[in-house]
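Labels run A, B, C, D, E and F following the written order; every chain starts at residue 1.
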Amino acid sequence: MLALAWEPIVDLALAEDLSSGDLTTEACIAPDARAVAHAVARGPMVACGADVFARVFAKIDPHVSFEAHVAEAAGVEWGARLWTVRGRARSLLMGERTALNFVQRMCGIATVAREYVSKLPQGSRTRITDTRKTTPGLRALERYAVRCGGAHNHRDNLGSAVLIKDNHVVAAGSIAAAIDRAREGSPHTTKIECEVDTLEQLDEAIAAGADSVLLDNMDTATIQEAVARARGRVVLEASGGVTLARVRELAETGVDAISVGALTHSAPAADIGLDFETK
Amino acid sequence: MLALAWEPIVDLALAEDLSSGDLTTEACIAPDARAVAHAVARGPMVACGADVFARVFAKIDPHVSFEAHVAEAAGVEWGARLWTVRGRARSLLMGERTALNFVQRMCGIATVAREYVSKLPQGSRTRITDTRKTTPGLRALERYAVRCGGAHNHRDNLGSAVLIKDNHVVAAGSIAAAIDRAREGSPHTTKIECEVDTLEQLDEAIAAGADSVLLDNMDTATIQEAVARARGRVVLEASGGVTLARVRELAETGVDAISVGALTHSAPAADIGLDFETK
Amino acid sequence: MLALAWEPIVDLALAEDLSSGDLTTEACIAPDARAVAHAVARGPMVACGADVFARVFAKIDPHVSFEAHVAEAAGVEWGARLWTVRGRARSLLMGERTALNFVQRMCGIATVAREYVSKLPQGSRTRITDTRKTTPGLRALERYAVRCGGAHNHRDNLGSAVLIKDNHVVAAGSIAAAIDRAREGSPHTTKIECEVDTLEQLDEAIAAGADSVLLDNMDTATIQEAVARARGRVVLEASGGVTLARVRELAETGVDAISVGALTHSAPAADIGLDFETK
Amino acid sequence: MLALAWEPIVDLALAEDLSSGDLTTEACIAPDARAVAHAVARGPMVACGADVFARVFAKIDPHVSFEAHVAEAAGVEWGARLWTVRGRARSLLMGERTALNFVQRMCGIATVAREYVSKLPQGSRTRITDTRKTTPGLRALERYAVRCGGAHNHRDNLGSAVLIKDNHVVAAGSIAAAIDRAREGSPHTTKIECEVDTLEQLDEAIAAGADSVLLDNMDTATIQEAVARARGRVVLEASGGVTLARVRELAETGVDAISVGALTHSAPAADIGLDFETK
Amino acid sequence: MLALAWEPIVDLALAEDLSSGDLTTEACIAPDARAVAHAVARGPMVACGADVFARVFAKIDPHVSFEAHVAEAAGVEWGARLWTVRGRARSLLMGERTALNFVQRMCGIATVAREYVSKLPQGSRTRITDTRKTTPGLRALERYAVRCGGAHNHRDNLGSAVLIKDNHVVAAGSIAAAIDRAREGSPHTTKIECEVDTLEQLDEAIAAGADSVLLDNMDTATIQEAVARARGRVVLEASGGVTLARVRELAETGVDAISVGALTHSAPAADIGLDFETK
Amino acid sequence: MLALAWEPIVDLALAEDLSSGDLTTEACIAPDARAVAHAVARGPMVACGADVFARVFAKIDPHVSFEAHVAEAAGVEWGARLWTVRGRARSLLMGERTALNFVQRMCGIATVAREYVSKLPQGSRTRITDTRKTTPGLRALERYAVRCGGAHNHRDNLGSAVLIKDNHVVAAGSIAAAIDRAREGSPHTTKIECEVDTLEQLDEAIAAGADSVLLDNMDTATIQEAVARARGRVVLEASGGVTLARVRELAETGVDAISVGALTHSAPAADIGLDFETK
């Protein structure tokens, strides 16, 4: 994960918390006191965000050293020691909250993603994917967390793939016209996905040369029929109202991808503590 | 809510989604097509974020006009129309996801906050407060959402109040020493709060002149006793392991504030749709 | 063309030229003197960049008004009046060079692009495309200029499509392995293009499911054979050593796209003057 | 060349290409794979931009090491190895295009500049200079490239010297009045140059105390006469319609400087490849 | 003093002075020449700003080394060597003015602050404090300088404490109403200070539960009376028209704090030279 | 004065004071309350900074209107009304301190500058100039204030003119060598000033073709002699230890410029109040 894509949000977060200093730490902790702090999982979770955790402290103080105890994307149990930072006690205390705010969110998303993936039938080729329903400013980090959880990403942003929705179809006049316009207006390296509500629209999208089709809010039987009609010709994505409970039956239809907004917009924070050893 | 405190995160969010343009919209929607889009609640919620919603579209296109149908902080039912934007169809489609990503999070937090507040006994003077466990980059917006939900804010950042925790006490040698150092090192306009685990520590903090005391992870009976010992001399805050179910009994102890990290770190997004009228 | 994608480079350009003010204009021109300035083509060209031209002056002085005399992407002859700005004479003189530096480059690229497109046989479905060999900081503007010239864009950046090159193949072990890894690692909305040097590699790429294939530095006869083998199954792009003189013969092979780095890395500036009327 | 003057454009360029990551490289190249890459001249050129080349990779990955094989501003032949970077293969592949986009432009400008300088008569004291017709955002780098080519810079921006043009003269009432106002309004450390179209204007500018005079679009005979009138009293610059073919005859007039916009606005990119050794 | 709070102003200052390079130094000093430069006090002063001094040079050239000869906040005499930087002569010359502009201001403020503090009676518990009348962009540095001088800070900004002034009282209807609203609208960790002009207002503020009271422009006798009325119940701050000459008599009233805008808005720069040893 | 040169420092200053909101104003002032506020001189001064004053409020709230009662650079007496802002009471209260911090500094500098200028003999052609000893981040504003006071600017930054100092001379080997190198390395539009300590050095600098010479810390008789030797051939600047009392005698030597660091580094803030009318 390339740091330049997420350093702006780290800078913004540090400015929020530290632009007026840390009154308590500056008053109570000697400048030369040193400490060690361990990030510890307070529940089972998928570990995610080591680089961000390390960078928060490094931005405060380049002399803080960092050590990881688990691999990125590893599943860990309650009590697992994830990462350790060592250095000036002031620097560790100043970065604690900001670092945790990042990784609790990232581990939370990775954990939810893995839960969804675990519901797929053994050997399934269906993907669980995220959406663009990410936290403002955190998209790169949240997409990374989704991958750590074993799920896949959807398009990154409005310029990285075409996704024709109902308003685009209405404006273009028809699904076929919208796909033609999109193909003409996009690089030849861009895939064109089209959202459909009915099997008739699916047929129209396939005929017009869509690369993939988003089946919006369809029941399982209809998705099954869509797979039968389309397989081998377009990639199919099921979307809308996906719950953990429904993942297995959706995947069993043979759909290629199931997109789940809740991976990013509603994942609860993972519980991680920072335990200090003072020396 | 002063825009200059949250414009950086709006800029960052727009850059994430739109820095490569919107391939679909530019291909399918005529530059001069106009549209109207209504933000609609897809469930009961507290309305929050009108200014941010409007600003996202205004940053894309200063000619988009905005209208609010409900007051900030109003509780609304399923189906309520919250806000309307009017202008170039391209501009509305380009801003849709970013605008919703902001307000779904803000309404989600405001809604959870109000739920906690609703558990307080009639006439209670106890506050529900947030913590610094906010989303990186969104602190100003999330604190605002907490207020819209009827809860209160805790300190904004490490420079706006003193909060002495166990590591500070250990480093200073005692609670009294930590409070003395903090008082000497801080402006006379700064309050000093001290976290305690026991009633003995509470007594020590009061004797040393703390302005407020955070009772960390105490059971209700101990908190009750703390209130009895302290009332009138310091502000008391209960913290740690607070659930909706426990709010009432905590408040009935007469504690001044109950802080809840989950208000911001784990509130699920509110479900809001953007319904387009094309003309 | 969404302004937020190119405002940073406008700000940077204005800072370069004006961060120490304009000694001459401030000394010689009265603050309230008004003027009109017309951008005039000093040769035949494709008009491109009206929004950028206007924005440069608006950043200096929001009261400068702007008028376009030709449509974006229109071909114009020597002497054509392109755009007019009106306002404080100081503001027009201060913005002159920066505004021209942008549009001379944009019109230059659009003009070269149109020249390449004009060499395509009548009715050809082959595209001329740009590459990522753009001027640092100006990618969005230069890609737009390419489109104004009637050519098409290639992928925007390293995250918007997969393009497997020789080093990737070597690292993955084979073309097939590289394509498999890329498919697994990318969103289902991402196209996979693979660069090949031989027809055998082309076959391998098609068999592995590439969406498009870049034929690197092949002679025309080989490209012809590639088209025969591949048509209907993958998109084919010819690349490397493309000159104006060779466009027609390449297009006649039926290749889908011809990419030309020179569109952006070596287009000479179009000659545009700014004629002042002082009043 | 001080890095802080050009780091903003390096950041902008990296954001353009890498803000969504590098899908291909992340999928195909193992995180710990290492590589060596050599920048090689694919034609004769003036080497220019080693610091920028190195910095692009260092911004992606501070552990990439850099080695230069030629001195800045050295002339090299086809096939010359210019610079080598060593480190993680991913980092080298991610930075390749951005690094080359910078140095191809810089070497291109340095090469053109040297070509102009080579046309000066043996022992000539005439300077070839650039203008403010630089690429937006790249002024510091392009001015440096001009110097590497052996040419000189003109004023950096509108605040670093006075250059009185026709509109300033009209507004001030006369050349003399414009020069007086400029002298009064500028630091005593600022030179005043005045653009003239005729020898009469030249006389007026000299009489008014101009430090240098720009002879705009004059034929060679007139320039010769201008030199005769002015030598020893002001610096003379010939400008407008300067081609390679005309440099010698212009220099032989004894004019002090010849400014050439084409050095920066239309220099074709130098052809530089990046050859990878994978290990 | 956390660097991230003041790096933006260092960047801005360097851009002001160096964004067009250093013509003199680049022309006259060989790139590999090395030098040593000593910051020397040209008068008695309080040393302040070592980190900022070092950082200015480090931003220009990370290989410049730094050494401090005196502790921060130490009082020094004429001729004292404060700090030494070693490295490339070019880097030292380029950073000289910017580094001195920072530390001359910081030492100047620290020196004035110490002068005020020195006027307090032996053993006094009264504080001298700054105000928000700081130089735009330099607040963090100037507040730090105040502390180095032995004085204290007032609230950092409009969000770090409540300070009710006359306009707020008028708008709220009364002092009591303003204090009630402020208490309700602020975190429980926020102190509420109220400005008063009369002893009656002081009584009202105390009764309403103010944490501290600012006595605005009162004569010494009135302040004495205020202290008598208030001691033990609120913190009292004297403000307005405070001169060095009046500090002692004000402190003898027993007031808790005396705020002095002149500490930051009008402190003359300390005289510091940078003496070069060239080797 | 072009706003883009000073908007960054306005943004920084507003962020310092308002990034956590304004607790007092938000609690006490109704959102729709309106007010009028008048900036009033609390002493004689030179008015300076109307644009900055207006911009601070406009950044907080674009609906605040602004009116100037005096011309920029006008001298005013105690009690003069300078500027008025009208709009939401909250916006005026939030901007008050930041706006005043700017203009008190600017008026202070303009006032001191005028005082120095007033000491020049009647009809003198000698200039009072500033130096680069400006407040970090405020250079453009402080140079403007110097001009409002009737004084002149020195070079803006290290790239806008050459100023050869002792270290440059030592490194180059001699004054003549330093001047030659500087001339070769600088644009022909750049003036070359050389600092000298003795009349012999002055002769050497003139002989080498310096455009101006800085006479460093010379006594008045020596300056007189320097003027006699140099007049008509170079511009002469007296520098070092200039006090108000010495201006007249220095100017009477006929020196062209007298530079005074104290104009910017030690000017006391002008006293300006903001008087509110609430309606």
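Here, a residue touches a chain if its C-beta (ideal position, glycine included) is under 8 Å from a C-beta of that chain, and two chains touch if they have at least 3 such contacts.
Just so it is clear, the model here is predicted, and its values are computed rather than measured.
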Among all the other chains, which ones are in touch with both subunit B and subunit D?
A, C, E, F
More than half overlap in residue numbers between the two sides of the subunit C-subunit D interface, or less? Answer same or different.
same
Would you mind checking which chain's C-alpha centre is most distant from the centre of subunit F?
A
Give the label of the chain whose average Cα location is farthest from that of subunit C.
E
Using mean C-alpha positions as chain centres, tell me how far subunit D is from subunit F in Å, no decimals.
32
Could you put a whole-Å number on the gap between the CA centroids of subunit B and subunit F?
44
Can you tell me which residues of subunit B touch two or more of the remaining chains?
15, 18-22, 94, 140, 156-157, 159-161, 163, 186, 190
For the complex, give me every residue of subunit A touching subunit D.
1-2, 4-5, 140, 156-157, 160
So in the complex, which bits of subunit A are touching subunit E?
11, 14-15, 18-22, 59-60, 94
Report the residues of subunit B in contact with subunit A in the complex, numbered from low to high.
8-10, 12-13, 16-30, 33, 35, 89, 93-94, 97-98, 100-102, 104-105, 108, 132-140, 157-165, 167-172, 178, 181-182, 184-186, 190, 262, 265-266, 268-269, 276, 278
Can you tell me which positions in subunit E touch subunit B when the two form their complex?
127, 129, 152-156, 159-161, 163, 186-191, 193, 211-212, 235, 237, 256-257
